[in-house]
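Multiple structures follow.
Shared between the two complexes below is chain A, which pairs with chain B and chain C, respectively.
And then the complex of A and B:
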């Protein structure tokens, strides 16, 4: 039975010629990583015992063995990070396995043009992520305190009888909520559009829930950008500038990177 | 009296604090009902079928209910987040 092939990433073959692969330990901690050339693309892989790493046994461990998952996911990430510091890498998802070198070669060959396009796109660029958080209470104060429509409505309500005031206040609360959402979107979108201009590409991802981030504030924006290396400094300075301007109004901007180009490359 | 202050949306039923856990649970249910009644009332008012007097009475009653709820929350050391339950994929209860 062939040994399984664990694929970490794909790099342009010409880059491998310029710089050799550093010694990196494979998924099971014993063998080193090695490369398989497939035309003008090079796959960075390691071998695994098919009995120990069958599809079922991996699924089982991913679902039940948190410690194992954490250790291996960390290994995968660290390895791809190390590669992306040296090469232009199309990073693969955690636990991408092939039955043998031939099945890997077939998969790479059938996606060749897509990958060459991706190499062109990501070469000399870094992937950066920006998460924006907003303290709704602070921004709400700002929104409801400086809006003449809301001020007028408040004045109008104070003239009403007690019972009616209750309903009108509820309506006003709703109005403030919707204004708040609008304001949040407007600010986030403006920042995103500007950052997108500084980047080669920019996309919006789904904002995470407060449960996933373990933060009190909801995530207002989750953006990902492909930035030319020489422009990264300027890109990050711009984010700092926004953070400074908006901090008082309850905003927090969190940039992270450089990441392997998980978002801007796809191998399928 | 130790305030029950949890932001993870779980009801605390450990024996030491059983009384508090129970108060939290009961208040959560009451708050859910109160909000349902309130939303229904708002729909009726917006529907335009109620007289001025009826609107006035309903508004005052709901306002008193809201105030009472605030008092109870204070009494048991609970805040709005404590009266919410995370229903997983369904989102929050309130």
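And then the complex of A and C:
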């Protein structure tokens, strides 16, 4: 039985000629990574024992063994990160496995033109992530204190009888909530659009719930940007500027990066 | 230090890594398909594990006691027994 091939990333073959692959340990911590040339593309891989790493056994560990997942997720990330410091890398998803080199070669060859296009897109660029959080209480005070729609409604309610006031106040709370969401989106989107102008590309990812991040507040925005290396400092300064302006209104902006270009080299 | 270096040197949270390596990355047709039940679910499981350890530490701090490492390890083992999850880390 062939050894399995774990694929970390793809690099332009000409870059491999300029700089050798550094010694990096593979997924099971024993063998080193090595390269498989496939035409003008080079695959960076390691081998795995198919008996230890069957589809079933990996699935089981991913779903039941959080510590294993954590360790291997960090391994995958750190390995691809190390590669991306040296080469232009198309990073692969966690646990992309092939049964033998031929199967890997076929998969790469059938996507060759997509990959060459992606190398061109991401070369000399970095991927950056921005997560924005907002303390609803602070913003709510502002919204409910300065919003003309809400002001008018409040005025209207004060003229009503006590019984009616109760229900109308409930409705008003709902109105404030929806105005708050609108306000949050407006602020986030403005920042996003401006950052997108400073980047080559920008996208919106799914925002996380408070339960997942263990924060008090839901994530208001999760943005990802492909930024030219020479423009990264300017890009981050802009984020810092926004953070300063918005902090007193309860906003927190968290940038992370540089990431291998996971988001922007995805094609399928 | 540039802003870039400051951010680059920050410790990366696991959620950020999962957000990236499970969610995206090239979906090149692979022989073994490892489908993962939504990143938020995976992460939620993990949070519960971490949070249970954290709240143990915090509870001790609130009580104003210094936790000896033996005591901490003992409680950690109890917690591991209780949750049925092995908790190990390097010292």
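Definition applied: the second predicted complex is superposed on the first by the 266 of 268 C-alpha atoms of A that agree within 3 Å, B and C clash if a C-alpha of one lies under 4 Å from a C-alpha of the other, contacts with A are read in each partner's own complex, and residues count from 1 in each chain.
Heads up, the rule we're going with is that contacts are C-beta pairs under 8 Å (C-beta built on N, C-alpha and C of every residue); 3 or more make two chains touch, one makes a residue touch a chain.
Note that the structure is a prediction, hence the values are computed from the model and not measured.
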Fit or clash - chain C, chain B, common chain A: fit
Touched partner set for A:91, first chain B, second chain C, both or neither: second
Touched partner set for A:66, first chain B, second chain C, both or neither: second
Contacts of A:99 with chain B and chain C, given as first, second, both or neither: second
Contacts of A:211 with chain B and chain C, given as first, second, both or neither: both
First, second, both or neither for A:170, with chain B first and chain C second: first
C-alpha centroid angle, chain C to chain B via chain A, nearest 10°: 60
First, second, both or neither for A:162, with chain B first and chain C second: first
First (chain B), second (chain C), both or neither touched by A:225: neither
Which superposed partner A:27 touches (first chain B, second chain C, both, neither): neither
Greater residue coverage of chain A in the superposed arrangement, chain B or chain C: C
Closest approach of chain C to chain B (Cα atoms, Å): 9
Intersection of the chain A residues that touch chain B with those that touch chain C: 211
Parts of chain C lying in touch with chain A, wherever the complex brings them together: 2-4, 7-8, 10, 12, 14-37, 40, 42-47, 49-51, 85-88
Interface residues, chain A side, partner chain C - complex: 4, 7, 10, 54-55, 58-59, 62-63, 66-67, 69-70, 73-74, 76-77, 80, 90-99, 103, 107-108, 110-111, 129, 205-206, 208-209, 211-214, 222, 232-233, 236-237, 240, 255-259, 262-263, 265-268
Complex contact set, residues of chain B against chain A: 7, 38, 41-42, 45, 55-60, 62-63, 66, 86
Chain B partner contacts - residues on chain A that touch it in the complex: 161-167, 170-171, 211, 216
